[in-house]
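There are two complexes below, and they share chain A, which is joined by chain B in the first and by chain C in the second.
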Partner chain A sequence: MACTVHVASPLREYTRGAASVHARGHTLEALLADLDRRYPGIRFRMVDEQQRIRRHIRIFVGTQETHDLRQAIAPRQPVHLICALSGG
Partner chain B sequence: MTLSAAERRRYSRHLSLAEIGVAGQEKIKAARVLVIGAGGLGSPAALYLAAAGVGTLGLLDFDRLDESNLQRQVLYDAAGIGAPKAELARARLAALNPELRVVAHPTELCAANVRAIFADYDLVIDGSDRIATRYLVNDACVLYGKALISAAIHRFEGQAMTYVPQRAPCYRCLFPEPAEGLVPNCAEAGVLGVLPGVLGTIQATEAIKLIAGIGTPLLGRLLTYDALELRFHEFRFSRRRDCAVCGERPTISAPQDPPGFCTLEELQRVRCISASQLARLLESAERPIGLIDVREPAEFALGHLPRAVNIPLGRFEQPGVALPGALELVFVCRSGVRSLRACALARRAGGPEALQLEGGLLAWQAGVDPSLLL
Partner chain C sequence: MATTTLWIGTRKGAFALRADARRRRWSLRGPQFLGHIIHHIVQDPREPRTLLMAARTGHLGPTVYRSVDRGREWREAPSPPAFRAAKAGEPARAVERVFWLTPGHAQHPGEWYAGSSPAGLFRSQDGGSSWSPVAGFNDHPMFPQWAPGLKTPDGELLHSILVDPRDPKHLYLAISVGGVFESVDGGGDWAPLNEGVAADFLPDPNAAYGHDPHCVVQHPLQPDRLYQQNHCGIYRLDRPAKRWQRIGRAMPARIGDVGFPIVTHPRDPHTAWVLPMDGTKAWPRTSVAGKPAVYQTHNGGTTWRRRDRGLPRASAWHTVLRQAMCHDGQPRLGLYFGTTGGEVWASTDAGESWRCIAQRLPEIYCLSAARH
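Our next item is the complex of A and B:
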C-alpha cells in the first residue's frame, strides 16, 4: 500500500517539483529506499553515511516525529519530510 | 507607559478589542522589538509592528538595497536602490509612525556584537537570510533570556516557530545543527514575492500576542505553509534533553560563530563564473583550469565534471589544505553555496584568488550538460 509523502521545498528538486509523491514501505527505512529508487539522490539529503537522519531534517509519520529508520508505517499513513529553511 | 490622546485615536481599533484594550496597547508601546534582517520577512513584520505602535523597534541589516529585493521587500521603493537597508527601513517606519523610537543597526550580527545589540530589546524577530545567523540568534536568545519568533522561506514554502525562555523548546531543539550548503537561501533558490508577506505577518502577529499576553503562541509547534498547495501544517516538537544550548548539559555557554564562518564582506568579494562561461573556458584550453569540487565524497561519486578534484568544504575550515597548482581555480558544488564559502575561506588562508561556479552544478546541468548526475 502506497503512502503519501509530503516533500519539503528544498527536496522537491528531486521529485521534479512535486509537493507530494507516493512511496511504499512497511518501515521508514523501506519507504525511503523506495523513494530513492523513484527519485535518485533524495535519501542522501535526509540520511547521512552513518544512517542517521540529518540534523536539519525532521520526519513525521502521521503527526508523530521519528528519529528511527525502523519506525513502522501503517498503510495510507502520511509521511512529512521537513527541512530547515534559511531564506528570509 | 500611558497613552496620549492622539495615541488613543490612532490605536482606537486595538482599544476596541477587549483582548488588547488600553492595558494591552500600553504594553505594546513599552515593548522593545529587534527585527533581524530587513528583507522579505522583516519588511512586513516591521511595518505591522510599527503600525501597531511597538515603542522601540530595531532593524538589523548589513545589506544595501538591490533592485531584485523590490519584488518582495515592501519596506522599500526604487529610489532607495544602493542605500543601506537598515537606514532606509528606519526612515520608512519613522514616517509611518513618528511616535516610535526606530533604531537602525547597519551591521552584520556576529558573536562579538550580539550581546550588546540584544541588550536593548526584549523580543527578537528572526528574518535573516543566512542559516549561520539563525543559530547565532537562537543561542543568544536562549542565553540572554529573550523571546524569539523565527520564520524562514524557500521558493513557495515557509515555516515559523516561537520560543519563549523557560516555556518552550528552542530552534536548536527543532534543528540541532546548521546544514550550511544544504539549505539554500532566496538568492540561490528563488522565492515567490508574496510568500514572506504571509510569514512575516505571522511573525508580527506572534509578537503582538506575546507582548499583550493574549492567545496561544506557536510554542513547541512548527507551522509550515505551502503557497502552491495553499496548505498549512502544524508539527509538535519537544525540548531535547541533549540540546546544545537549552538542554540538561548545554555545551554552548556563549554565542559563537560557526566553524568556517565568513563575513558577508568576504562572501561578496568572491568572483563568479557562469556555467556557459566555464564551459567555454574548459573547451578553449587557453590556460590550465583547476576544478575543485567541494561537495561530500558520496555526492562527488554520483557525478562530477571531468578532471574535477574533490576537496570537501570541511577541509577548508581547517588550516593547510593543499590546492592544485593550476593558474586559475574554479570551485564548484551542487547549488553554489558551499563553493562560495570555500572560495572565501581559501582566500582568507592566503590561497590564490578563485572563481566559483554561479548556481553550481545544477546550473551546469540545466544549461550545459543535462546528463550530469547529481
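Our next item is the complex of A and C:
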C-alpha cells in the first residue's frame, strides 16, 4: 500500500517540483529505498553513509518524529520529510 | 584566443562571469543552484566542456554535480563521495562537505579526486559520476593521528590534492588542520611532508604532522617546485628535498606572511602571488589594516613586492578564502580573487593593477577560471 510522502521544498528538485509523492514500504528504511528508486539521489541527501538521518532533516511518521530507520509505517500513514535549519 | 569564464561558488549559489575577448567587459550569469553552498567548481582540462561542482545545502547532505556543456546543465553524481560503512568500534565517519575537486592525470581521462570535511580522500574513474573512498589514505593506520577529528568550525578540511604531471601515482594532499602528505604509489600509502613548517599552536615545534596548510600548489612545468601558504607562514619546497623553506620571512614584518590562497604563474616557476591577511591577536583574517594588497615574488620568494594599484586604499576588510584566487592561463596572465564580501577583483596584467568586476554577490567560497 502506497503512502503519501510530503516533501520539503529543498528536496523537490528530485520530485520534479511535487510537494507530495507516493512511495511504498512497511518501514521507514523500505520507504526511503522506494523513494530513492523513484527519485534517484534523494535518500543520500537525507541519510548519511552511516545510515543516520542528517542533522537538519526531521522525519515524521504520522505525527511522531522518528530518528530510527526501522520505524514501522502503517498503511496509509503519511510521512513528512522536513528540512529544519536556523541561521541566515 | 580562448575567452575566460570565472566560475564563482558562493554560500548561496553559483555564478559565472564571462569576459569579452579583451577581458574588459564581464557579464554576470546566474545564480544557478540558488541557496546551495558551493565549495568548488573546476573545469576538466582534458575535456574543457566538462565542469564539476561540489555542493550541499544547509539542510541536505553533500554532493557533486557535473556539466558536460560548459555549465549550462548540471547532473548530480549518482554516487557522491561517501566513507565506507564503519565497522564495529570505529568512528562512524560521514562526509559533511565535499570541499575540494582535482582532475586526475592527463593520461587518465575521467579520473578525479575529491577532498572532504571531515578529512577524506575520494576518487572517481568515470568523470565524477561515482566516487569511492581512497582506502590507502582514509584507512591508513596513522589516519586517526593525522586527522583526529578536530572540532574546528568547519571540521578538518582535505584540500590541495595535487597530481604530478609526470607521474599519475605521485600525489600530494593537505589537511587543514593535519599537514601535507605524499604518496608515490597512487594513494596506496602516504607519509607526512611537513619538515621545516611552523606549527605555533602545537607544543612540539618539530611535530611530523598536525600543521595547518591553507593552500598548496605545484608548478605545472617544474613539478618538483611546491609553494605553500600555511596558517604559520609562506613556504617553498623543491623536491626531492623534504624540508620546506619559509620564504614568507622576506615579507614586510608589518604585513606578515599569513593568508589563505597562493597562486603560481603557469609559465614561470619563480613567480607566485599571495594575499596576506591579519593573523594577529584574535585572527581577524581580514586584509591587513583594512588595506588589501597582493604580494608577488619573481624569484621564488627571495623578495616580495606589494601590488595594490586599483585596490581600495582603506576601510576594505576583505577576507579571501583558499579557493578564491586563481589565474586564467592566458598569455597576458589574468589574476582574480573573490572576497567573502561578495566582490570579484581582476587584474589582466599579472597583478600589476586591479579593478572590481563584480559586487554584491553572496559570500564567495571559490573562484576558478575556465577557458573556452
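Side notes on the structure shown:
Definition applied: the second predicted complex is superposed on the first by the 84 of 88 C-alpha atoms of A that agree within 3 Å, B and C clash if a C-alpha of one lies under 4 Å from a C-alpha of the other, contacts with A are read in each partner's own complex, and residues count from 1 in each chain.
By definition in this document, a residue touches a chain if its C-beta (ideal position, glycine included) is under 8 Å from a C-beta of that chain, and two chains touch if they have at least 3 such contacts.
Everything numeric here is computed off the predicted structure, so don't read it as measured data.
Look at A:75: by the touch rule set out above, it reaches neither chain B nor chain C. By the touch criterion stated above, A:11 is placed in contact with chain C alone, chain B being left untouched. Shared-chain residue A:87: touches chain B and chain C both.
Contacts of A:46 after superposition on the shared chain: chain C is touched, whereas chain B is not.
Using the contact criterion defined above for the overlaid structures, shared-chain residue A:19 touches chain B, although it does not reach chain C.
In the superposed pair of complexes, A:65 makes contact with chain B only, with no contact to chain C.
Ranked by how many residues of chain A each touches, chain B and chain C are led by B. Chain A residues in contact with chain B (one complex) as well as with chain C (other complex) are 8, 10, 40-41, 44-45, 49, 54, 56, 83-85, 87. Residues 6, 8-10, 12-13, 19-20, 40-41, 44-45, 49, 54-56, 58, 60, 63, 65, 80, 82-88 of chain A touch chain B in their complex.
Residues 35, 57-61, 63, 76, 78, 80, 82-86, 92-95 of chain C are the ones that touch chain A when the two sit in their complex.
Within the complex formed with chain A, the chain B residues making contact are 37, 39-42, 126-131, 134, 151-159, 174-179, 182-186, 189, 191, 196, 222, 224, 226, 228-229, 233, 235-237, 298-299, 302, 362, 373-374. On the side of chain A, the complex with chain C involves touching residues 8, 10-11, 40-41, 44-52, 54, 56-57, 83-85, 87.
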